[in-house]
Every structure is written in C-alpha cells, then in structure tokens.
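Paired with chain B in one complex and with chain C in the other, chain A is shared by the two complexes that follow.
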Partner chain A sequence: MSVGTAAPPAQAGFERTWQGHPGLRGWLMEVNNQPLGKRFMVTAIIFFLLGGVLALLMRLQLAVSDNDLLGPQVFNQLFTMHGSTMMYLFAVPFLEGLALYLLPLQLGSRDVAFPRLTAFSYWTYLFGGVLFYASFLVGVVPDAGWFAYTPLSGPRYAGLGVDFWLLGLSLVEVAGITAGVEILVTILKLRAPGMTLGRMPLFVWTMLVTGGMIIFAFTVLLTATILLELDRAAGMAFFDPERGGNSLLWQHLFWFFGHPEVYIAFLPATGIVSAVVAAFARRPVVAHVLVVVAIVMTGFLSFGLWVHHMFATGLPELAMHFFGAASLMIAVASGIQVFAWIATLWGARPDYRTPFLYLLGFFLIFVVGGMTGVMVAVVPFDLQVHDTYFVVAHFHYVLIGGVVFPVFAGLAFWLPKVTGRLLDERAGAASFWLSFVGFNLTFFPMHIMGFLGMPRRVYTYPATLGLDAHNLVATAGAFMIALGTAVFIGAFLHSLRRGRPAGEDPWQADTLEWSVSSPPPIFAFRRPPVARGRHPLWERGRPAAAVEAEHQRVTAALDAAPTTWRATLSTDPLTGAPQGVQWLPGPAMSPFLVALGLLIAAIGVVANLYILDLAGVVLAVGALARWLQPDEALLERLRQDPAPRAAGLPVFTTGAASTGWWGALCLVVILGTMFGALLYAYFYLSLFSDAWPQGGLERPGWGLAGPATGALLLAGAGLWGSRRAFHGGRRAAFVGLLGGSAAGAAAAAVLVLVELVRLPFGPGVNAYASAHFTLSGLAILALAMGTAVAAATTHRLERRLERRDAFDTLQLQVTTMLHGFALVAALATLVVLHTSPVLL
Partner chain B sequence: MRSRGVALALLALALAGCPAEHPQSALHPASQEAGRIARLWWVMLGVYGAVTLATFALLAAALLRRRGAEAPGGGVRFVVVAGIVVPTVILVGMLFYSLRVSTALHLPEAAFTVRVTGFQWWWDVRYPDHDIVTANELYVPVGEVVRLELRAADVVHSFWVPNLHGKMDLLPEHPNQFWLRAEVPGVYRGQCAEFCGLQHALMAFDVVALPKDEFERWVAERRRPHPEPADDELRLGQEVFFSAGCNACHAVGGTDAVALVGPDLTHIGTRRTLGAGTVANTRGDLAGWISQPQVLKPGNLMPPTYLEPRELHALVRWLETLR
Partner chain C sequence: MSGPGDPRAGRGRIWVGLWGPAVAWLVHFLAIYALAEFGCLSPLAERVVLGASLVAWLVLAVTVACLALSGGVTWLAWRVDQRLSAAPTAPATAGPEADPGPDAGRFAARAGWTSGLLFTLIIAVEAVPVFFYLRDCGVKALP
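So, the complex of A and B:
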C-alpha cells in the first residue's frame, strides 16, 4: 500500500489528477481535505495561542487586589475575546479540522463528501476569525462577554465592538455548520466497503453525533445572532424590553446552543481518548456498544440541559428541577465512558509516552470537573456558586481537562501521521508536567475563590475578600501552562526537521489511517481499503468472509482509478456495501469567492456601507451559481469512463444512496431549524405579552395572504405533478408544471412582500412587528431560493428529459426537497402569522 | 420541624465565624438559607469527593495490575456496575436530598418588603412599608424574613449576599422575588454577580443585620426629618448642592431635589461606602468623589464638579448631616 517509486502511466495519471494547482492561485483553489484539515488545525491553534495570551493578561490584572494595570475597559474586552476565541475560534474549528483531516483516513475514503464545501468552510472560518480580531485594529473590541446577554449587548448599551463580534461570529457559525454537514455526510456515505455502523471507530461515532449536534445548535445560535444584529442595525426590538422584547429570549436561544456547544467540543475529545486508550492498551475499548450508546445519549441529552445556565433568572421551580435531573443523566453517560476506558486499561501496562501522559492528565482533571458539574446542576447549590469563580474553575476543568488535554494527546498521537515525524519524548513529557501542574495551580484555587465571594468577570476585587494569595498562585500557574504549551510547540517544530521518521504505524494502532504512509498521499488510498471488522489493522490475519470477495473485486477495479477525475467509493449508510463511484471535484475558486462575498457583506453591515452588502451578496450568489452549475462536458466524461463499469457500480446514484440527497436533506434541516428558532421566538414573545399583536397594532388580514396561500398550494400541486411528468417523459407537462410551480412560489413571495410594504407600521415599533417582519422575510427568502432552484431545474431538465439518467433524477429529487421545503415553510409561516394573533 | 430549624440556626451560628473576616463567603453562613446550601455543599463534597477518589483508585489499580489482567467482574460487567448502576444510585439519592433542600428554600412569610432596583452600577433600595429610600445598602432586622422585589432598570444584574443566601437575577422585564433572613447580627457584603458592563466589578453593597430593637431605632431615625442647616457653612453647602447641579440627578428627602438618575442621598451621611462599595464614606473620599468621580470609578454617570475649596468643604459638611 505504500507509494511506489516508478509508477506506470495509469498510476501517474491517477496521481496527477489528485495534485492541487501550484502557486497562490492553487492555494486559494485547494479543496482536498488533507491540506484544508491542516489549515483548519493550524489556524485554530494560532487562535488558541492568541486566546491564551489574552488570558495571561487577565491573570496579570487579577494577580493582586485593587490592581489598576489594565482597567475595566481593557479587561472586559480581554475576557470577552478570550472566551469567544476559545469557544468559537479554537475548540470547535480545531476538532472539525481534525475530523476533516482524519475521517477519510479512518473511513477508508479518498476525501470528504463535499470537497468544495470544505474549502468554503475554511475560508468563512478564517474570515470570521480575522473580522473578530480586526476589532483590535479599529480599537472597538467586543466587550459584552462571549455570551453577549441582552440588553447589555443591544444598541442602547454596547458599541461597534458587538457588531464585529456578531458578524465575525456569524461567519464562523456558517463555517461550523457547513463543516458539520460535511462530517455527517462523509461518515454516512464514504465508509470503506464492509464498515457497517457497528464497525465504525469510536472517534467516528463521536464525530457523527457531533456533526448532527452542530447542525441544530449552531443554526439556533446563527438565528439568534442575526436577530440581535437586526436589533442593532435595523432598529428591531426582539430583545428590547421597552418595546415588548424580552432579554431572557436571548438567554434561552443562546444556551440552547451554548450547552450543546460544550458537548460538541467534549464528544470528539472522548473520541480521541478512545482512540489513544485502545492504541496504548493494545486492545479494543471495552463495552464498545455501551460507549456508543453513551455517545448518542450525550448528544440527545445535551439539548435538554440549557436551562441549568439560567437557574438564577427566576424561572418556575419545577422546570429548573427537570433540567437539573436531566443534567444528572448526562453524568451517567460520561460515567460509562470513563469506566469503559479504565476497564480497557486494566492490566494493559501501557507505555507512558506523551499521548498517554496527556491522557492521564485528562482523566484526573476531567473527573474532578465532572463532579463539580454534577454539583452545579443542583439548583440550590447553583444559586450560590453560579457566576462565581467556582464555575470558572468547573468549566476550565471540563474544557481544558476534557478538551484541551485530549487535543494535545491527539496531537502527540496523530502528528506523526500528519508530518511523518515523531515528537521528542522528553520534550513531550516536560510539556505535559508543566501544563498539568500549571493547570491545577491556576484553577484549583478558583473553587475556593468562588466560595469566598469572587464573582466572574470582575476586573478587580477588594483586599478585604482575602483572595490575594489564591489569585497570585492562579496567575503563576497560568504562566506555567503557557510555558508547557510553548515547550509542546517547540517540540513540534523541532520534530518537523529533526524528528525520527514515524513509519506507517508508530503505535501499532487499529484503525485504517495507520495503514498508509506518513504523511499520507494526497489521495489517502490508492486502492480503497476493505473493513473486515471494528479494528481492521488488528484483524488482518482473520479469514475473509464471503461478502469480502465482492468488496475486494470492487476495490481492485478502483486501484489507482479513475485516472482523469477524482473519485471515491460511496457506500450504504448502514451496511457499508458499495453503492457507487462518487465523483469528487478538483481545485475550484468558487468556494473562496462565495466566502469572500460573505465577508464583504459582513464588513458592509459593520461599517454601515450598504453598497458593500450589495456587492458582497452579488459576488456570493454569482460564485455560488457557478459552483452549482452542472458541467455537462464533465458529466458526459463520467458517463463514458470505464472504471465505474469495471467496478460494477454506477457513477450517478439517487435518493439516500447519493451524497447530494443527504446534503440537500441537511440544508432542509438547517433551514427548518432556523424557521423553528424564529417561531420559538415569536411564540415566546407572545407568551410574555399582555396583548398579541402588541401595542394595539392591527391583526394582519387575509387580503393578500389568502391569494398567497392559494399560490403556494397550487405551486405544491405543480411540483408534485412535475415529478410524475418527468418520470413519464412528458416534456410539455413537466415544463409547465415545474415552471408553473416556480412561478407560483415567486407570486406568493411577491404577495407577502407587498403585504409587508403595505402594513401601517414598520418592523421597529415593537417586538411583535419585528417578529412578523422577520418571519415573513425569511419566508420570502426561502421562496426565492425555491423559485431559483425550480426554475434552473426546469431549464436544464427540459433538454435532458428524453435522455434522462440518474443524475437528472437526483437533480429533480434535490429540487423537490428544497423547493418543497420552501413552499411548506412559507405556508406554515403564513398560517402562524395570520391565525395566532386571533387564537392567542 | 421547629427543632430542626433551631438546630440549623445553631449550625449556621457555628459556621458563621467572624463575619468581618469573611464578609462575602458562602461557607460562613449567617442564615438558615445560606446554612442549608453550605451543608448541601459539604455533603456533596463528601459524597462526590469519595467518588472521585474511588475512580482514581480504580484507575491506579488498572495501571498497576499485572499484564493481561481483566477488570473485576469482566470488562462489560465492570462498566455496567461502575459506570451505570453505582452512579445512578448515588445520583438519584443525591437528587432526592437536593430536592429536600430546595423545598426548604421556599419563600417564607415575610415581615415586610424591600424593593431593590439595579442600575449601572449601583443599587436603589426602597422600603415602601417604612417610607425609606436609600442606596447601596440594606438594613434588615435579625431573625425576620425580608421579602425582596428585585428589578433591573437597564441591563441584567444579579443580587448576591453569599453569607445570607444564593443569588437572584434582576431583569428588565419583570420583578423577581427573593428574600433574606439574617440570623446573626453583622455586616455582610454583597455584589452584582451578572456581568453588567464596564464597572460590573464595582457594584457592591452591604447588608447590615441589626437586632430587632436596633432596627426599629434605625427606621425611626431615618424617618425623622433632617434638621435645618445649623450654621452658615451648612447653609452654603445646601445652596451649592442646588447651584452646582447635584439635584439634577440626586434626590434628598425633604428638599426640592427629587431626581432619580443617581442614588438617593437622603441618608448619605450614614452610608458606609461611596460609589456602591468603591471607597469608604470618609470626608476626604466624599470630597474626592464629588470633584473627581471618574478617577475613583471610571465610566460611572457622574461628571466631575468644579467647586471652590470652601464650597466643596461646605457641601461635604452638609451632606454629612443627611443621616
């Protein structure tokens, strides 16, 4: 499986196809998961170091009582940027980058499902992070906390810094969501033949659940940040109590994201731990199935805990105890994992090399953080320690112990695969001990500081609290952590030049990434591997089952093939049986351009230059159209290629067998979640209002909404009919029905727009008006998307109808999903907006 | 029930130690409420501390066992027992215990109500039953339940006096209910616990718990009208208060100053601190606060006041008579 030196012509063509373009242009057009995964991780580590420097400055300010080194303004900016950087710019992007790099290697795939989306995700992440930090250049740094509670973050109390925060964050959220889709579809569709769900490595399981969680949690946060920016930039009133808005609405939306966010960072970290534990114990993780159950359970439960961040807001007691009890259930899920690892290590006599040292650090710190976590979920106790340094201690034990230590274990474990070089063991051990001791010196005293009266987010504290000694120790510890991190990075840089070659499998580990050279070839696997069991590399000698002969035949046909286009095997989401040869795109500029358009639009909002918004949107939509435009010459080439035929697999698939269908499903779920979050906001506001509509506004009538509803229903019927016409090959009927459906959606959008324009009030008069306008606006945008997709599909399939194949069927399926969703969502919106004021 | 209450009160007393040494501590309770929560903490520390140590011991055993050994009871059974059964039993037991503590922490029948409103960055304190308005400090009678009606005037704040109780947020939308029941006389420091902007760190207050008779005396003294300025300097001080524009933001009971922008100064002479716990209320700091408030607490709403030394001295003296 290693890379040969003198490749025959076919192999040379295969390798050439997978090479990226040279130069700066090639760098911007890169779509392969390995370079992009590395970029994700390097960028995230740079932000991690920046966030660490901010933390050191904070610790200097807090080293002694009544200190005036930095002053309140700078301190508030520092803790806002520290928390935001670590949560949004480091933890999740790093783990997504690791997953994007590693998943294809672990799954036996040559790349991820949507390579161009990887590139888009990276660029939006980078642009969002740079926009965040650009606030330092302009001197208006965000200062409302990483949680940005309203009304403090609203237009009345916060300056331009919060706009930088919201817009930068929006871009990072888009990056996070798209990477989540990427991860989800890659895991479901691009596994090695024979890799059933039950044979998936635990790291992959954690990423599967995490990908799903990201889609819901980040979408809700994205919706919330958009609403807050509408309050700030467009004068809306969602969170303004003086105009019927509600500040607690922000807290609900934020923590609906914010709590899962913790597990979005923690679950992949447990996946890293499982991989390292298994490799160092040289045996499979004990109770694999229970661990999988625990991972899935954690994913679900994490969405039922958000209120435990709000125990002191005066919510009904019963609700609080419900959320408190749910928090205990998640502790059981963590317990299963912890004891599964202990059972795996029982009598395994592991080598205490750097990854394992960091793993032990994780164990000791995380267990303590887990215990304090169970404590803060207890309502009366939380009333005392909430928003104190006890909580600061708790979540640093969980996030540094539970995420950063596993990340460093994972770096020490996988860097040899990425760079081909081993880390120096002495430097690795030194960095571990400095970080571990420094960590406990920094954060253990904070438990006591919380009890002795130190609230969070204070830039100073009086000497009378008696906390000087604790704080000084904490500051000293923080610098020890910094030293430990510096030693690790030094060891890494040293290993790049002087490290011992790692070989394919330096740890004798079990998963597929250790079967290829280090660093892996850009296409990962010349011949797609076959998974014989849960631990492919430990089961090499096992006799092959009958089904494997078929898998071997398929993968042999794809050995160094196809040669003129990038492809990987697509397999059944449940059984891992081969389903098709999946075409993968090569270098492309459009992802970069779409991301650039979004950045320009975001800058336009921050700078109040709406001409920039227009330019940005035009650029983004134009580049997106080019991205999505099917290349007919390429499609023809794919149809003619011998490689898929040799493998006996189709090159185009439809429905759940195709990646495109799953991608469209994810988009529908994301848009549905946005509508859901907005409807939640609408009903939450109405629940806490004396009258609905607020402020004696007139109820919306059916004058225009009635015809709009009719247009939507007709458009739905047209869409349904067009599918029958397509499969029946009736061209005129197909064009009339799908084209008519697009026109119906457009007509409905125009009617809704006219209704908005004719309303006697604007979106800023009160929260009801804001919610009404925003929901209608989202419906209009959805209908615009549906119309565009349906029109483009009508146009293309009209010419393809007689020669229609699976690709065309898939296009119609995707169109049906997106256009159909737009019609349903708009219909639901109209019904809610026009009936709830009457019913409530 | 009563005997347990007494026992808890005694426990609270025992734990209270010297409030002056720990003026803002959740582990030195001076009330039943804080005492119950502190005891909950010690119980949880015992139980979960033991669980932590047991987990570490199992990890150590795992790492030290001879090569090839299997976890006690076999791998899967070990995970089921140690990871599911034992934690569930412990967590359910602790859940029932904590629910009992919660039930004991219901708002009891109150002697009277105090309205506390959070501003950036100070506390407006009103006793509607006693017709007293003050700021940044609460006087309460020992042994009686004082109901608090908490509300924010601008952004979210949180009311927290750890020696006496947990915390409760002040929201701009609607008032939240809370209460204090000090069992031990003393001065307890409280502080805003929800980040509320630039000077969140300097938004403190004192709760002064007085024996009941002393509290009655405190009420009576506060309700007595201020005496007329007794000498020329005091008359000048009062004049300066109006001519320098202090009355544009501050109210003084019994005068024409009724503004609500800044803290009510009716009893400024008895106030323990200035600037919501920023500095002690001494003559020097009061003068400093009036002339340079932005030095002591940057970002607060009060502008510097430029006065002749004679005027400043007179103003400070007059303010000191407002008791």
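So, the complex of A and C:
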C-alpha cells in the first residue's frame, strides 16, 4: 500500500484552492466534508443532550407512584420529543455526520461526491431540528408520540404541535435523504485507485448499505408525513376513517420507514464495531466476506419486518406470520457479525482502553436486546407484552446498546483523528462504567415491569402495582447514565486543550484515515493514495501488483494538483480503476439559501401565512436554479487544465463513470419510491372500501386524460429521437425533438391540471378523492420538473451541439433520465387513476 | 465470468451474482405480503383448489419461482468463483470498460454465492407459515 504522504514540492495554489472563505459568510458558504461532518456531529450531540434531559424529566415523574410532578399532557409531550429527538435528530444525523467526515478519509478521496449537497443536507437538518424545538417556544409541543399514530395525530385530536413535528421532520428527512445520496455515490465513485469492492473497509460497507436504505425508508416517511400534513392543513382524508381513509395506512407507511430506521442507525454502528475490533485485536475481522454478506442481508431484511410493530392491529394472521418469520431470520445476519467479532477477539490481547470498553458494553447489552427481539418476533409473545415496559426495555437495549455504546466507542476511537488529541483514559473508563452500570439499572428492571403489567406511555402508575422499587432504581440508573455522559463530554473538552498529541495512528489501525495527520488537512490527501490491499496500513510491505504502477503514475500527476480548482479522482465502482478527475465545487451560498427557503415555506404552513410559503418556494427554487446553472467559464477552464491530461484521465465522464449520472439515478429512485408509496396508499385505501371511487363519485373519464396520454407518448418519442439527433450532430432536429418533448410534457401537465379543476368533487370529499388529487398533483410536479430540465438542456445544448463534449453528453443523459422518468411516472399515474376504478 | 474480451458481460454477471439473491428475496417477500394483505381480503381466499386456497397456491408458486431464481444465481456465482479461483492472477485494467479482474470479481462472486445460500434459506423459511394456513388466512383482518 502506498499512502501518498511523501511531501511533494509545496504548491501554495493547491492549498489556497481548498481554503474556505473567512468570517460568517464563509461559515454559511462552507461545503467541505470535514467542517460539515463535524457540524453534523456536534449538532446531533446537542440534540442528544436535549433528548437526554427530557428522558431524565420523565424518569423523575416515574420515580414514585401516583406522582404529579409533570402531569399527563407534559409527559406526553416529553416522550414524544424524547423519542423524536433521539431517532430523528441524533442517531441517524450523527452517524451521517461521522460518515461524511470519515468516508473520504477511509476511501482515499479529498471530499465527498457532491459537496454542496452536504452543505444543503446540514442546513436542512439544522433548520428542521430548530423548527421541532421551536414548538417549546410557542407552547405547542408535539404530543402524539415519535410514531404520530393517526387518528391521534390527525386534525381532530392533535393541535399545532403535530404540524411542528411533521414539518420539522420533513426537513430532517430531506436532509437524511440527501446525505444518503451523498454517502452512496461517494462510496461507489470516489475510492482510491485499486480499492476494489473486496478491499473496502467494513465501515464503508455498512455505510454503502445504509445509504441505500436511507433513500428508500426516508422517502416513504417523507411521503407519509406529507400525506398527514395534507390531511391536517388541506382537509384531505387519507387517514380519516369517517371519510373512507384508514388509520392503519399510516402505520404501514410509518413502520416501512420505522423498522429499517433502527437498522439505519445500527448498521453504521456495526461498522464502528468492526473498525474498533480490528484495531484492538490487531488483526482483520474474521470472515470478511461473510460479514459483508451479513451487512447486505441486514439491509434487505430490515425492510421485511415492518408489520412486526403491528401484530396487535388485526392484520391477516398469514401476513403476520410471514413477518414473524422474517423477524426471526434477521437474527441470523446479526449473529454472523457478533460471532465474527468474537472470533476476531479470540486469543487477542486488546488494550482495555476507552473505545474497547464501550465495545464490550455494546456486546453485552446488544446481545440481550437481540434476544428479546427474537422473543417479540413471535406473535403470541408479542401480543402479551405489546405496549408494556418490556418493549421499552427491548428497544433501549437495542438502540443504546447497539447504537449509543458503539457511537461512544467510535468517538473515543476517532476523536484523536479529528482533534489531534487523545482522551484521558481514566475519565473515559469512568464514563464507561457509569454509563454501563447506569444503563442496566435503568432498563433491565423494565423487562420485569413489563411482565408485571406496567404499560408504556402512561404518566404515572398506582402504588398497588408494586413497581415503586423497580421505577426508583430505573430513575437512579438514568441519572448515572447522565453522569457518565457528562464525564465523557468533560473528558473531550479537557482533551481539546490538554490531551496528549495523538499522532497519525494512535491505535496502529489499518485504514487510510490513519495515514494522514491528526487533524487531517482540509484536502485530506495532497497526493491521492493507492490501495494495495484490504488493510492498507498493515500491508505497506506487501509487493505491488503490476497494475499499481499505473495507479501510482495517475496519483503522482495529481500530487498537489490541480492548483486552481478542487478535484479528486473518480474510480470504477467495482474495480477501483481510475476513470476521471472529478471537479469538486468550492464555497457556495446556494445550499444555505435553498434550505432557508424550505424553512420559510415550512414556517408559512405552520403559521398559515401562505405569503411566507410563496416567498420560501421562490427563494428555494431561485437558489436551486443558481446552484444547477453550469458555469461556462469554469467548464472551459477545466477543459484547458493540464492536470487531468498529465494523469491521462478525462475531466468529464459520462454514464456510470460519472458521479452526476449516479446522482440523477438516485433522484429517480427517490421520486419513484414516492410514487410507489402513493400508489400503495391508493390501492390500500381501495382494499378497505366498499366501492371505488368511494361515496358514489363519478369515475374519471378519458376526455382530457386521453389527450394527455397522447402528449406523453409523443414527448417520449421526442426524447428518444433527440438523443439520436444529438449524437448525429443534427441541431435543428435536436432542438425540435427535445424542445417538443418538453412542450409535450408541459401540455400533458396542463391537461391533467384542467381535469383536476373540472372534477365535480374536491380533494377533501373522501379518501379516494384525496388519493386521486395527490397522485395527479405529484404527476404534475414531476412533469414540471421534466419540462424545466428538458427546456434548459435544449437551450444550452443548442449552442454547444457542434462543439459537444462529454459534459454535454452527460447533461443529455441526466435530462433523459429525469425527463424520461417524469413521462413514465405521469403515464403510469394516468393509467392507474383511469383504469383502476373500472377494474377494482 | 466472461473473458477479457467481453468485460461488460463479466461485470454484468458479477453484479447479478452479488445482488441477485437479495433481489429474489425482496421480490418474494413483497409478493407474499401482497398476497396475504390483499389476497386474504379478496375472493382468492375463498376459492379452494386441491385442498388449498388460491392464496396458498399463489404463495407456494411465488416461493418456488423465487427459490429457483435465488438458487440459480447462487449456482452462477459459485461457477464464477470456481473459474476465477482457477485462473492465474491478472491485474484489473483501467478505464470505464475495465475488466473487473480476478480480485474484484472473486470477492463479488464469493459474496454472491454466500448470500445466495442464505437468502435461499430465508425464502424457504419465510414461506413455512403458509402450510399452517392452506385453506384460509386465519382470523379475518378488521375492515
């Protein structure tokens, strides 16, 4: 392995290119993964502390029976905000922040694939979290639980607090999805030359699978939260049984997200565990291939478990047992990882330092949580303990044992890399023992409390239940956990000033991040590294393969280069062979402005100030247009730069070799998942309806949908033809066909809109009408997006056709993907909406 | 895996081998869920053919098809692994159409057949409940 740390001739231009702007403006314009990853983690830890304070208040309330310290309303608010904070604002954002910080360093890249998207992700996350907590300021705190079950969270029973919850959460979901895309494309495309799939570290594998899971799971939740907000703000009826809606639909959509969410937090934690186990055992994790397979299995199977949260809702028995079987099977995947870690540590002589102590805590706690998970996967058992403190104990053993302990292990392990200073070991050990003992004091008695009949989500309990002692112990344990956390944070703050210098690799670990200084330079690697094996730092002496000479030549050409723009190597997703010199954007205000626009629009919805909505949308769309606008002068500069030529690589690539293509593919998958979730809702609602359309509503005719379908088909033909015209260099044909395709999509959108306006019923009449209007609305939005993209591409490529290069080809490919998706999705929507009422 | 002259086909087989079993499981699970959720509330659940409801027959048919798919992909990945293990070590070439090379390919093939075995097992296990509900879907769902 060669890690490229030999100092090349100093090139001030290169370093200057990577510097951000100073001051507040520079802070707002920051796009680099390292500062943004740190911001993600710090913000998430602040939310973790807030969520922890809420938990302590709840435990104070429950410390003794018949307590009236808080009262039921405040207790409802506290458990809602505690659960929501820990699940949405801490666990996933923290791990995404860790990944955004760490992945480029582990992969041998200088930054992530879409730096401006990282900035956008951070700002939307921060704004979403602030909107969540703003509910405290205006005294309308959400109180419907972190799951917001309908009809409790519907307009009849819940006040403005749920709107804060839904809109804040929507922003956080957008942040999560964009970070997921970032993680996925970075791993696929920005690995060091020679880093094949088989050489990727296990932490990277966990993040690859997690990135994919986020895209599907969060998108379904985003769709569900939009539907619920439509019920609340626009009077729709998706979840209102009195108007043909279905409350269980919310549970299906929510848990389709909610269960994978657990694994979205747990899988990266297993990546942390694998990294720490290998470093402390001083040997590779046993059965690497099998562990990778277990990670992939976990990712997939986690989407087959959602109904096990709904065993008590009256679903068909057959369906429940399918989910019960799947829930048992996921233990196989978890078991593979646990046994691989045990086998790795078998016979090793690890140092019992802070990361390793937290790791041992993880093993003990998570295995107990996993065992109780197998218990609740069995339907009859689940029915006995459902909604009791047994379940509270189970999921805290899984989430704190399986996520928080590994997170603290990871913090103790990687903070020396981030800060350059080691934690104080005595303080680290003290924090671990306080947390470990406190955790078990808090949550182990809850298993027994659940068996003895203590229900969850109640603000107090009678003394006759005989659970005072259990609850008092649990409360004392909670304060021990808080003390342990405080000691850890104190140790961290102390280490910033007085910690011992960490050096490059304080743990003698194996992955690439330990090859650079601590803290790393902002560009991570002056010269991109070459990966010779799976454990680069342990294989320095291994003989080089012949192909490495070529990789070394490429990376040498990029040593402290280019000097006027930020760049990193892009590589083949399978082999890690270099494919191009990837341009990376510098500081930009547009991500902040787009996120700010979304926040303003969300506030407008909560406050019923639609002028704010308009202002927010205008700001967001305007900033987005500025963001996406190609900078022709910059493109020309990239074409002329000598560095890519010296490396023998193109600066622009097309198709799967390009990060942009992968980004567009992710967008299509996200939009497709939204359509899929809506179509599921449509058919689910029809399943429980006596007639479809409901309420004797007239079936929609083909009067306008027919011409709209024709327009879509013609637009598709135009799009297909425009690609041939582009590659043939036929300018007039290209402009006519792609421009015509855009016009066809616009015409179809207008026809669908006119059909909606002319319908004799409104969207709030019943659930059928709500579903019809929402699906049509989404189709119109997709067509508007496709039209805008196709029109902009027609306009730009018209001038470029004679001089077209790979960048222009890529633009057309991305346009084809997005515009083509819009056409197909709209066509499918029209067909479903106009044929299903006849068929169902 | 195909030879160096046909890198696209080789890469395609590797990707299919790596993700195919997982996709087979996904298809199977969504299909049997849809049959149980939607089929159990439809006339399919009432019609009994050869001692079992149409829902049960459809679940079994989907299971057999997905077992065949997953098993086939597992066998394919096994073959690729065997072939690559026997081949002399050759470096991966650079470029967008790069031959994956034995190192990348062998890992993917090995992961493919390992996951294939596990996913095939899981598909089979998840279908077991249908044998307890051959004639009906159990207690009716609440409308």
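Methods note: the second predicted complex is superposed on the first by the 830 of 840 C-alpha atoms of A that agree within 3 Å, B and C clash if a C-alpha of one lies under 4 Å from a C-alpha of the other, contacts with A are read in each partner's own complex, and residues count from 1 in each chain.
As a convention for this text, contacts are C-beta pairs under 8 Å (C-beta built on N, C-alpha and C of every residue); 3 or more make two chains touch, one makes a residue touch a chain.
Because the structure is predicted, anything quoted here is derived from the model rather than measured.
Chemist: Per the contact definition in the header, classify A:F363: touching chain B only (first), chain C only (second), both, or neither.
Modeler: Touch partner of A:F363: chain B, not chain C.
Chemist: With the two structures laid over each other on chain A, which partner does A:A265 touch: chain B (first), chain C (second), both, or neither?
Modeler: Neither: A:A265 stays clear of chain B and chain C.
Chemist: Report for A:F688: first if it touches chain B alone, second if chain C alone, otherwise both or neither.
Modeler: both
Chemist: Now for A:A705: first (chain B), second (chain C), both, or neither, which partner does it touch?
Modeler: Neither chain B nor chain C is touched by A:A705.
Chemist: Who does A:V332 touch here: chain B (first), chain C (second), both, or neither?
Modeler: In the superposition, A:V332 touches chain B and chain C alike.
Chemist: Could you let me know whether more residues of chain A are touched by chain B or by chain C?
Modeler: Touched residues of chain A are more numerous for B.
Chemist: Which of the two partners, first being chain B and second being chain C, lies in contact with A:V276: first, second, both, or neither?
Modeler: neither
Chemist: Determine, under the contact definition given at the top, whether A:A657 touches first (chain B), second (chain C), both, or neither.
Modeler: After superposition on chain A, A:A657 lies in contact with chain C alone.
Chemist: Output check: A:V296 vs chain B and chain C. Expected answer is one of first, second, both, neither. What do you get?
Modeler: second
Chemist: Of the partners chain B and chain C, which touch A:L95 in the superposed model: first, second, both, neither?
Modeler: neither
Chemist: Starting from the residues of chain A touching chain B, keep only those that also touch chain C in the other complex, and list them.
Modeler: In chain A, positions 290, 313-314, 317, 321, 324-325, 328, 332, 688 sit in both the chain B and chain C interfaces.
Chemist: Where on chain A does chain B make contact in their complex?
Modeler: Contact set of chain A toward chain B: 71-73, 76, 143-145, 149, 151-152, 156-157, 241-242, 246-248, 286-287, 290, 312-314, 317, 321, 324-325, 328, 331-332, 335-340, 342-350, 363-364, 367-368, 371, 374-375, 378-388, 450-453, 455-462, 464-466, 688.
Chemist: In the complex of these two chains, what residues of chain A are touching chain C?
Modeler: Within the complex, chain A contacts chain C at residues 196-199, 289-290, 292-293, 296-297, 300-301, 303-304, 307, 313-319, 321-326, 328-329, 332-333, 545-547, 550-551, 554, 572, 574-579, 653, 655-657, 683, 687-688.
Chemist: In the complex, go through chain B and note every residue touching chain A.
Modeler: Residues in contact with chain A: 21-27, 34, 36-38, 40-41, 44, 48-49, 51-52, 55-56, 58-59, 61-63, 65-71, 75-76, 78-80, 82-84, 87-88, 91-92, 94-95, 98-99, 101-102, 105, 120, 154-156, 158, 160, 162, 165-169, 171-173, 176-177, 189, 191-202, 204, 277, 298-299.
Chemist: Flag every residue of chain C that touches chain A in the complex, lowest number first.
Modeler: 11, 14-15, 18, 22, 25-26, 29, 32-33, 36-38, 40-41, 55, 91-96, 98-101, 103-104, 106-108, 110-111, 114-115, 118-119, 122, 125-126, 128-130, 132-133, 137-143
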